[in-house]
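This report concerns only the one structure given below.
Order of writing sets the chain letters: A, B, C and D. Residues in each chain are counted from 1.
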Amino acid sequence: MADHLLEVRNLSVEFHTASGVVHAVRDISYHLDRGETLAILGESGSGKSVSSSAIMNLIDMPPGRITAGEVLLDGVDLFKLSPHERRAVNGRRIAMIFQDPLSHLNPVYTVGWQIREALTTHGADAATAAAEALRLMTRVGIPEPERSLGKYPHEFSGGQRQRVMIAMALALRPDLLIADEPTTALDVTVQAEVLALLEELQEETGMGVLIITHDLGVVAEIADRVVVMEKGVLVEAGTVREVYKNPQHPYTKKLIAAAPGKGEMHEPATRAEPVLSVRDVRKTYGAFEALKGVSFDLMPGETMAVVGESGSGKSTLARILLRLDEPDAGTAHWKGRDLFTLSPAELYKLRRDLQMVFQDPTQSLNPRMTVFQLISEAWVIHPDILPKAKWRARVAELLVQVGLGPEHMRRYPHQFSGGQRQRIAIARALALEPQLIICDEAVSALDVSVQAQVITLLDKLRREMGIAFIFIAHDLPVVRDFADHVMVMQKGDIVELGTVREVFEAPRQDYTRALLSAGLDPDPDVQAAHRAARLQRAAC
Amino acid sequence: MPLANPVFAGHNSNQGGGMIPPPGLSEGAMLKFVRKRAVASLISLVGLIVMVFFLSRLTGDPAALFLPVEASAEMKQQFRELHGLNDPLLVQFAHYVGDVLTGDLGESLRKARPALDVVLEAFTWTLWLAVITMSLVTGAAILVGSLAAFRAGGFFDRLSSIISLIGASVPDFWVAIVAIVVFSVNLAWLPTSGTGSLLHWILPIAVLFIRPFGIIVQVVRGSMIGALSSAYVKTARAKGVKSRSIIFVHALRNAMLPVITVIGDQAASLLNGAVIVETIFGFPGVGKLMIDSILQRDFNVVLAAILVTALAIFLMNLLIDLAYALLDPRIRH
Amino acid sequence: MTLQTVTIVADEPNFATRMVRMLLADKFALCAAIFLVFIVILAIVGPSWLGELATKQNLRGRNAAPFDWERGWVWWMGADALGRPLLARIVVATQNTLMVAAGAVALSAAAGTLLGLVAGFSSPRVNQVIMRLADVIMSFPSLLIAVIVLYILGSSILNLMLVLAITRIPVYLRTTRAEVLEIRERMFVQAARVMGASDRRILFRHILPVVLPTLTTLATLDFAYVMLAESALSFLGIGIQPPEITWGLMISQGRQYLTNAWWLSFWPGLAIILTTMSLNMLSNWLRIALDPVQRWRLEMKGRKNG
Amino acid sequence: MKKMLILGALMLGSTLSTAFAGSGPIKIVLPEEADLLEPCMATRSNIGRVIMENVSETLTELDVRGDKGLMPRLAETWEQNADGSWRFHLRQGVKFSDGTGFDAKDVEHSFNRIMSDKNSCESRRYFGGMTITPTVVDDYTIDFKADPVQPILPLLMSLLTIVPEETPMEFVREPVGTGPYKLTDWTPGQQIVLTARDDYWGAKPEVTEATYLFRADPSVRAAMVQTGEADLSPSISQLDATNPATDFSYLDSETVYLRIDHNIEPLNDVRVRRALNLAIDRQAFLGTLVPEGALLATAIVPPPTLGWNPDVKVFPFDPDGARKLLEEAKADGVKVDTPITIIARTANFPNVTEIMEAIQAQLQDVGFKVDLKFVEVAEHEQYYSKPFKEGRGPILVAAMHDNSKGDPSFSMFFKYDSEGTQSGFSDPKVDDLIKRASAAVGDERAKLWKELIAYLHDDVVADVLLFHMVGFSRVSERLDFTPTMATNGTLQLSEIKIK
C-alpha cells in the first residue's frame, strides 16, 4: 500500500452553503506514483478540485468539512500532521499551480520576490534563493530572465505567467505537482507549450503530476491514467486509452460524445446578395492597432466563424459592428445602409436586427432582474414589436424554444446553471426577432457537454429562423460543426477566410495550421499522432 | 473565468472618485496627471473661496460684534470704513482677490495681525495632532482589523467589532469630558488640557483616536477578508508560507487601497480641525480658530484658514495617490 | 472553484421573507433591528404621549437622581435641571432626533445619488463640474458650513436637516459615481445597449439597482454619523434650540452637570450610542445580506439555527 | 452645597494677616483668549483681565473692594476748574516699561489715540455724546475740557489707559504701560506671561510672574485649579463651585433682564408689562438655576452703584394678579393673545436656556402666549439694538448688562433714553431725568438717579428686571485673594497675595 507516492482513500468532504449541505466529494479513492500523471476529469461542479484542495489543506473550514477519509503521502496521513508539519509539506513536497495565474500571483510583488519566497519559506538563504530563482526563470523559458525577475505579474502574458507559476511550484523540486486546470484560460498554441513544459519537467524531476481538467484533449495529451468525476462521485478510472476507447459509465460516454469537431461540416449555399458587407474597418487604441483593415461579406442565414487568439481583434470587431465602440475608418453596410453613419434614432431602429450573445452569461444578465423582466425588456425598449398583453405568452414561447420552461419566468439568473443562463441570453436576443446574432465567445465559458447543447440550439435557430450568425471563438474545433465560413484573425488582420472545409482540410496559412495542430484531440491515438507530427516539425 | 481582452482592460479602468490615476500611464504621464489634479484642485479652491467669501459676509456685520452694544452708529460706521466693509461686496471681493494674488491674505480684524500668521500658527498644531493621531490610528487599526479578519467570526473579531462599533458611535465631546474627569481630576494622571509637555497630547489624541479607529478597523477587516480569500493567498498557502506572513505580507498590501482612501478621508477631517476636542482641551488648533473666527465674523481669518487647510488636503490627496502607486505596481506606470 | 453542485431551480422565497430569515440568523442585527423599531415607534407616538409630562417644570425637583423606584416610571432616569423627567424627555426628543437624521440622510442620499449618476454617465464636462462642486463641499469643513448656513438661515429643524444634508452629499456622490463608472462597463449594461436601451433606462433600470445596496449600507452608517454631528452642533450652541429638544441638545445641556448630576447627559448619550450602534450593526448586516456573494453566510447560519 | 458657598462680598476686609507673605509666579486660567493686548481695548473683559492696571494704568481708579470711591493712580490729584473743565496733576518719576518717562504728553496722546479714526478703540464709546479737548498745561499737569460739562470725567478717566506718546494710532500687539508688570511672552493660543517690573513706581507686588492660560470649558477651568495646573480661575461654573476652601462667589455686576419693546401691542399696555413682572417667580430661581447669592434686581445697575434705590421693591410673585391684569387689558381691547417672542442669546450666561424655558413656562401659566427663540450673538444684537426691524412682533429680548463703573450714567442713557440704542420706549420724563442726573454732582446726582430708577420700575414698568448675577471663582489655597465685582473686567495681580 505504502508504495504509492500519493494515495487518497475514501475521502468525503462537505460544504455548508445557502442551499444546505453539499457533498462536494463522496468516498473517493485514487492513487498516484512517482513519474506518473493522473488526470481528474470532470465538469464544473463535479468536485474534481476538492480532493486536491484537501491534499493542500486549502479547504476553508468552515464552511468546508472533511467528514471521512485519509490522504497518504508516502504512507503518512496528511490529516494527522500538526499544522506546523503540514505547512512544511506544502511547497516543499507537494506544489500546486492554478488555472488563472494572474489572480493566483500576488499582484503587488515582483515575480522574483514570489519565487524567492517559495525558497526562503523553506529555509533557503537569500543568496541561494536569488540564484535559484534566476535558474528557474531561465529553465521555464521566460525571455530575459534576469530583468523579468523584477517585473510584476501583470507585465507578463498569460502563458508566461503560467510558466512563472510553474517555476515557483518547482522551486523546491517537489515530489508531487498538482495542476488545477493549468491551461484553461490560455490560447491553444500557448496551451500546447505549457503542457510540453510540464512534461519535460516531469521527466527531469521524476515527480508525480496530478492534473485536474475538464478537457478531454488535455487528458489525451498529458495523462497516463484518468479518473472521471461526476457530482462528487468518482464514476470511472483507468488508463486514458481504456477510458476513451471503452467508457463504461454513461456519464463518461456522454462526455466523450460531446467533444466538438466530429460532426458533418457545413457546405455553404451558393453566394447570394450579402446581408452585411464590411469594408476596411480599422481601430486603434492608443498605439495598439486592434483592427488593421478588416473586410468580409456575410450572406443571409449564414454563419461566419471568427477565430483567433487573444489580442487578435475579434472582440473589437464585434463591438464595432454593434456600435459599442466607434471605428476609426471603414464601412459596414447592413442591407445597404452604412451602420457607422447612422444617427442615434436610426441606430435604435436597427438594433432590432442586430443582436449579441456575450461570452459570460453570468455577467451579461442583470442579476437583479427576473427572467421575464430580462426577456421582456426588449419590448419595453421597442414597444411596437409586441403589445404588452402578449408578453407573458411570448416569453414562455421563447423559453420553450431555447429549451427552458415557462415556469422559469419568475426566477433570477443566479438560480440557473451556466448553460441555462446562456439559453436565457439567447432567448433575450431572439425576443427582438433579429436577423443577425453576434456570438462573442458565447460557448467558451461552458462545459463541453453544455457547449454542445448550446451549439445545437444555435444551429436549430439558424435552420428554423434563417438567422445569420457571426460566431467568435478562440477554439477551432468548436466552430467546425457550426460554421459555413471561417475567418482566422491574427493581430488585427484576417489571415485566412474560406469555407469551413477549406480552412479545416486545406489551410493555406502557417498560422491556421499552427492553430489547428495546437488544438488537442480527445482521442489519445489521434492526439499521439498530432504530437508526433508536431515534434517532428519542431525537430526540422 | 472571463477571458479579458487586453484591449478593453485599459478601457474599463476604474476612475473611482477621480482619485486613482488611470493605469497604463508612463512616468511622464504621472507628472501630467499631477498637473491635471493641481488644476482641478485650483478650480475647487477658487470655488471654495468665492463661496466662503460671499456666504460668510451674509452672516452679519463684524462691527456689531467687534464693538460693544453701546457703540454709536458713527463708531460702527467708522469701523466698517476702516476695514473696507462699506464697499459693495463685489468691490470687496475684487480687493480681496487682488491681495491674495500678491500673497496678502489680509489682516485679522480681532487680532490686528496678518490672518495667514494666525492661521499658520494654529495649523501647525492641527497638523501635528492629525499626523500623530492618524499614525497611531492607522497602525492600530491595521493590526486589529487584520487579526480580526484572519479569524473572521472568532472571539477577537467579535470583540474588536464591538469596540470599534462603540468607538464609531460615541459623541466625542462626551468622551472628552468624561476622560478629563476620570484621568485628570480623579486619577490625576494627566493634565486636563492645554499644551506644554508631551503628557498634554495624550488625552486629545486618545479622544480623537476613537472614531477614525472604529471606522478604519471595519474597513481593514472587510478589505482583509476579501484579500485573504483571494487566489494569491491560496498560492501562498500552497507554498507553505506562514500565517503571519500571509496576513501582513501577502494580503495586507493588497487590502490597503480601500483602507488608504478611508485614511485619507479621516485625515482630511482632522486637518480641517477637530473643533470639539480643540475647544475642550484648549488646544490651539485651526478648527477652533475657524469656528471662533466665523463667530466673530473675522472673515479674513476664516478665508485664510480654509485656504491653508484646503491646500493641505490637496497635498495629502497627492500623497495618497502616491501611496496607491507605491502599493500597487499596476497603478504605478 | 465554485461549488454549485446542484442547480437549484426551485423558487426562492420572496425578498421580505428572505431578509427576515437572514435577520433571524444574526443575533446582533436582530437586537439592533428590534431596538430601532422600538425607537421609531417612540418617535411616532412620543410627543403626543409624553409631551405634556416632558415639559412640565418643577424647579424644586431639579436634577432628581435616577433609580428612584417609588416615583412613576418616567422618573426612573431622574430629572433634568428644570425638574422634568428625563425618561419622558428622551422619549419625546426621539422624534426630532430621528427626523433631523432621517431627513438629512434622505436629502443627501437623494441629491448625492442623483448627481453621482449624472456625473458618472454624462459628458466629461458635466462630470468635471459636478466633481469640482463635490470637492468644494468636501474641503469646506462641515461644522463651518453648518455655522455659516445656520447663521444665514436661522436655526430650525428644517434648516439643520438641510445643512447636515449638504455636508454629506459628496459621500453619496463619490460612491455612486465610482460605482457607475465601473458598472457601466459591465456586460449586462452593454447587453441593454445592444437592445437599444436609452441612457435613462440604463441608468435607472440597470445601474441604480446595482448601486442601491451599497448606498443603503452607506446611508445606515451615515444616519449614525449625522446624529453625532447634530449633537456636536448642539455642543457648539448652533444646533437645535430649546424649547425643541433632541438627544444631542440634551447631552450638551447636561454636560455642565457631568460631575454632580451625571444622569443628565448620560441617558441621552446612551440613547445616541445605542441607536448609532444599532445602526452600525444593521449596516454591517445589510452589507452582507445585500451582497449575493456573501449572503450565504447568513442563510447558512439561519438554517442551522432554525 | 449652598451652605458651603461663601459669599465673597461678605468676606471683604476679613483677609487674614499677611505675616508670612511669600512671593512667586502664579497661573491664571481664563475662559477666553485675549486676541489683542491693545491698551485702548482694555475695557473689554478678555483683554482687561490681563492688562488693565497690570500693564496699562489709568489716571484714576474706582475702588470696588471698599468704599473709597475714586482713587488716584497715575493722577495724584484732580480738581474741576472754573469753566467746568478738569485738571489732573500727574504722578512724577513714573516710567513706562520701555524706559521712557511718563508725562502729560503721554496722557494727551493716549486720549487722542482712542478718538482716532485709524483704529477701533473700544473705550471711545465712553466719551460719546460729548466733545473733550485735552490741553497740556505743563509736563505733569493736564486739563480736559468737556462739552457739555462732565461731572463724572474723573470717573471716565479710570477707563482711559495710558500709553507712551510714541505709540502708533493703529492697534499694537506689544502693550507698553506704566503698570507693575510687563508682557514677556505671548504665544497665541497658548499663554500670555506677565513679569513684574523692577522699576515700577509703586509697591512691589507679591506675584512675580503671571501666566495666563485659556480654556473655554468651565469644568476644565475648575479642574485645572483643583489639579494644580492653575492657581486661579476667575470664572467657573456654579455647579463646579463645591469646595468652600477654594471656591468663592461674588456679585459680578451683571444684571439679567428682559427688555420690553413698548412700541408693539400688547406690550404697549402698562398692565400687560406689569403682568409679565408679576407672573415670574423670581425667588424660585435662586439656589436653583441662578446661584443662591444672586440678588433680585430692581434696577439695571447693581446695588453698589450710585443712586441705587433701596426703596424700590421687587415685584411679588402673583400669578393671580397677573391674570387679573391681563383680563382687564383684554377687556379694554388689548390683544393679549398675540404670541410674544422671547429672544435670548445662546450661552449668554450660565443656565440661560433653562432660565428662559422656566420663564416661558411661568408666563404661559398666567395666560401669555410665549415663544422662545435662541439666537447667536450677531442676530441677538439685531433685535437688541436700534434700528429695530420693521414688522416685528411683540418681543422680549433677554439680555445681560454689565455696569461695574459705579455710576448709572453708563447704563441709563443706552437702555432708557429715547435716543438710547437699546431703549424699548420713549418717555419724556425719563429723558429729562437722565439728562439732569448726568449733569448733576454729589447727592443731587444720587437723588436724581434714585428717582429715575423708581420711576422706571414702578410707573413705566420699563422692563422685566430679573437678577444681579453672581460669579464664581476658584482660587488655589496657596493664594490669598478674594474676587470682587471688578473681577469680571479686571484682575489686578497686585491684589493677589501668596500665602
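Just so we're on the same page, a residue touches a chain if its C-beta (ideal position, glycine included) is under 8 Å from a C-beta of that chain, and two chains touch if they have at least 3 such contacts.
Everything quoted here is computed from the prediction, not taken from an experiment.
K.L.:
Chains touching subunit A and subunit B alike, please list them.
P.N.:
Chains that touch both subunit A and subunit B, as defined above, are C.
K.L.:
Find the most central chain, measuring centrality by the gap between its CA centroid and the centroid of all protein CA atoms shown.
P.N.:
Chain nearest the centroid of all protein C-alpha atoms: B.
K.L.:
Report the chain whose CA-based centre is farthest from the CA-based centre of subunit B.
P.N.:
Measuring from the centre of subunit B, the most distant chain centre belongs to A.
K.L.:
Using the touch rule from the top, work out which pair, B-D or C-D, shares more C-beta pairs.
P.N.:
B-D
K.L.:
Averaged over CA atoms, how far is the centre of subunit A from the centre of subunit D? Could you give it in whole Å?
P.N.:
Each chain's C-alpha centroid was found; their separation is 87 Å.
K.L.:
Just how far, in Å, is the C-alpha centre of subunit D from the one of subunit B?
P.N.:
Roughly 42 Å, centre to centre.
K.L.:
What's the distance between the Cα centroids of subunit C and subunit D, rounded to whole Å?
P.N.:
Computed from C-alpha means, the inter-chain centre distance equals 46 Å.
K.L.:
What whole-number Å value describes the gap between the mean CA coordinates of subunit B and subunit C?
P.N.:
Centre separation, subunit B to subunit C: 22 Å.
K.L.:
Can you list the subunit A residues in contact with two or more other chains?
P.N.:
Counting only residues that touch two or more other chains, subunit A contributes 359-360, 363.
K.L.:
Could you pull out the residues of subunit C that touch at least 2 other chains?
P.N.:
151, 255, 258-259
K.L.:
Using the touch definition from the top, which residues of subunit D touch two or more other chains?
P.N.:
219, 376, 378-379
K.L.:
Which two-chain combinations touch?
P.N.:
A-B, A-C, B-C, B-D, C-D
K.L.:
Using the touch rule from the top, collect the residues of subunit B that touch subunit D in their complex.
P.N.:
Where subunit B meets subunit D, its residues are 59-61, 64-72, 75, 78-79, 81-82, 108, 110-113, 118, 121-122, 125, 177, 180-181, 184-185, 188, 191-196, 279-282, 284, 288-289, 295, 297.
K.L.:
How about subunit D: which of its residues touch subunit C in the complex?
P.N.:
Its residues touching subunit C are 218-219, 237, 239-240, 242, 284-285, 288-289, 346-347, 350-351, 353-354, 356-358, 360-361, 372-376, 378-379.
K.L.:
Where on subunit D does subunit B make contact in their complex?
P.N.:
By the definition above, subunit D touches subunit B via 35-36, 38, 43-44, 117-120, 122, 124-125, 128-129, 170-173, 188-190, 213-217, 219-220, 223-224, 226-227, 229, 376-379, 381-382, 384-385, 410, 414, 421-422.
K.L.:
Given the complex with subunit A, which residues does subunit B contribute to the contact?
P.N.:
Those in contact with subunit A are residues 1-3, 5-8, 10-11, 229-232, 234-242, 245, 250, 253-254, 327-330.
K.L.:
Under the touch definition given earlier, write down the residues of subunit C that touch subunit B in their complex.
P.N.:
128, 131-133, 135-136, 138-144, 147-149, 151-152, 174, 177-178, 181-182, 185, 224, 228, 231-232, 235-236, 248, 251-252, 255, 258-259, 265, 269, 272-273, 276-277, 280-281, 284, 287
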